[in-house]
Amino acid sequence: MTRADLNPPSLAEAVNAKGYGHAAGFRIVAVEPGRAEVALARRDDLMQFFGHFHGGVITALADHAAGIAVTSGMPKGKIGVTVEIKVNFLSPADGSELIARAKTLKMSGSIGVASVEVFSKNGASETLCAFCTATMRAMDLPAEFK
Amino acid sequence: MTRADLNPPSLAEAVNAKGYGHAAGFRIVAVEPGRAEVALARRDDLMQFFGHFHGGVITALADHAAGIAVTSGMPKGKIGVTVEIKVNFLSPADGSELIARAKTLKMSGSIGVASVEVFSKNGASETLCAFCTATMRAMDLPAEFK
Amino acid sequence: MTRADLNPPSLAEAVNAKGYGHAAGFRIVAVEPGRAEVALARRDDLMQFFGHFHGGVITALADHAAGIAVTSGMPKGKIGVTVEIKVNFLSPADGSELIARAKTLKMSGSIGVASVEVFSKNGASETLCAFCTATMRAMDLPAEFK
Amino acid sequence: MTRADLNPPSLAEAVNAKGYGHAAGFRIVAVEPGRAEVALARRDDLMQFFGHFHGGVITALADHAAGIAVTSGMPKGKIGVTVEIKVNFLSPADGSELIARAKTLKMSGSIGVASVEVFSKNGASETLCAFCTATMRAMDLPAEFK
């Protein structure tokens, strides 16, 4: 696990330190160029009707991981913002934790595309519960992060 | 504004009364067969890095509206769960409130498809900030809701 | 029906005059700023296993209409190329003709997003058979079209 | 390369023997449970404006491979039909041939989801040019294929 290659090293954590990601409890597990892993522990206010992680929460987590993976491949001073995202929900997200693993499929000019596998974790067992593709475009970071 | 046609009348509110939707503050504005409108007021813990509504929150709200719209067209005792969802983010969601308006495009057997327009509202002005399509399938409701 | 607002007026027809669109028989019905309508008559080599229009053909037609609608809102000398496309197939495309009606949802910098309704037509009756959203980005046109 | 596990063994070829797939020249390269590979050689009437494979053709090929992969995991007498498909176009499809490689992510009841990588091939070199996710549902096969 290394965060040294993040662009800049502390950007992912800065992004994660406030707002929705912070409130929900997103936890950056690993970052390397073109890849990111983000985890989220179960909490009652993140569940839906049937007591599983809410689809919007799963999407937010996948989006977050995709954003970190894609941003890590952008020039310094840029951050990836989401143009569009698509998620297939494959099985009940009923674990004690979610793990989103994103990888960049392509960077092309100012546009990056990532796929994300989201796993529902119960003890040592992981089940693929969602699959996501996201398109990002590069935006200028606010000055304090450049 | 009527909720009389909801299936059953109180289902949308029951779904909304706990978990993520409740914690985030989703507010059902109107339901009629094949249509639903759900609102969400700005709150710091729902924002992303740039201070706009987080994409995952927008997706969750759109998903919620789509689910109510599609469920309203299903037989009694069924609820629509999300198979997949796709969202395009069109402009900054920087208003004081979001409004998601869903309509069912098609019910076919156990599968329903809805599109959702999400507006960012500032005073009387509404701007289309996201566009979503969701595919749902019918599941049996737990006995206490049938 | 007017083509006068196309950008430039003859671009859509030039694009349509060769390759796949021409071979399949795409027919531009109407173009106005931010909107386009393209039709396609039934032909055996455009059908799938069950004798309906093939999903790939429906997607190509929707993509074509989206491209014309979005390009009509771009600066002169630019053409929209598809970043990603999403299609829901809603009912059998078993008519004698398909009609794709695209409208631009948003132009923002070099990126445009359109939604497309595809109808299966039988005599005077039209049935919504597919719903599509496409993201396009502006590219420079080859010199001969500028 | 084996086709023995196809469901039934000759179904994929039967589907491929007529209509659009046949006219375009789709070529089934390999099938195993949950996986399929389908190829398509360059031909002028499959190209778009810039002389690359048309996005609709790429989508059709990906859809075809996804359908074979998902159908191979369905009970005898069933075929997967496409509920929705999403494609990201990652780089110009300017090779002499396209190769679509599909794998099933999940079968759940009557619904299956597959992802597909599409490569543009030039000599021995393959470039990922598109990435696709498709949702399929099981339909009854016509009697002559059961």
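When the chains are written out, they are named A, B, C and D in that same order, and each has its own residue count from 1.
Everything that follows uses one rule, which is that a contact is a pair of C-beta atoms (placed from the backbone, for glycine too) under 8 Å apart; a residue touches a chain by one contact, two chains touch by 3 or more.
Please read these numbers as outputs of a predicted model, since none were measured by experiment.
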B-D or A-D - the one linked by more C-beta pairs in contact: A-D
Centroid comparison with chain B (C-alpha atoms), farthest chain: D
Cα-centroid distance, chain A relative to chain B, in whole angstrom: 22
Whole-Å gap between the CA centroids of chain A and chain D: 29
Distance from the mean Cα position of chain D to that of chain B, given in whole angstrom: 33
Chain B: positions in contact with at least two other chains: 83-84, 86, 88, 113, 133, 135
Residues of chain A that touch chain C when the two form their complex: 83-84, 86, 111, 113, 133, 135, 137
Touching residues (chain side chain A, partner chain B) in the complex: 15, 18-23, 44-51, 54-57, 59-61, 63-64, 79, 81-89, 142
Residues of chain C that touch chain B when the two form their complex: 86, 88, 90-91, 105-106, 108, 113, 115, 128, 131, 133, 135
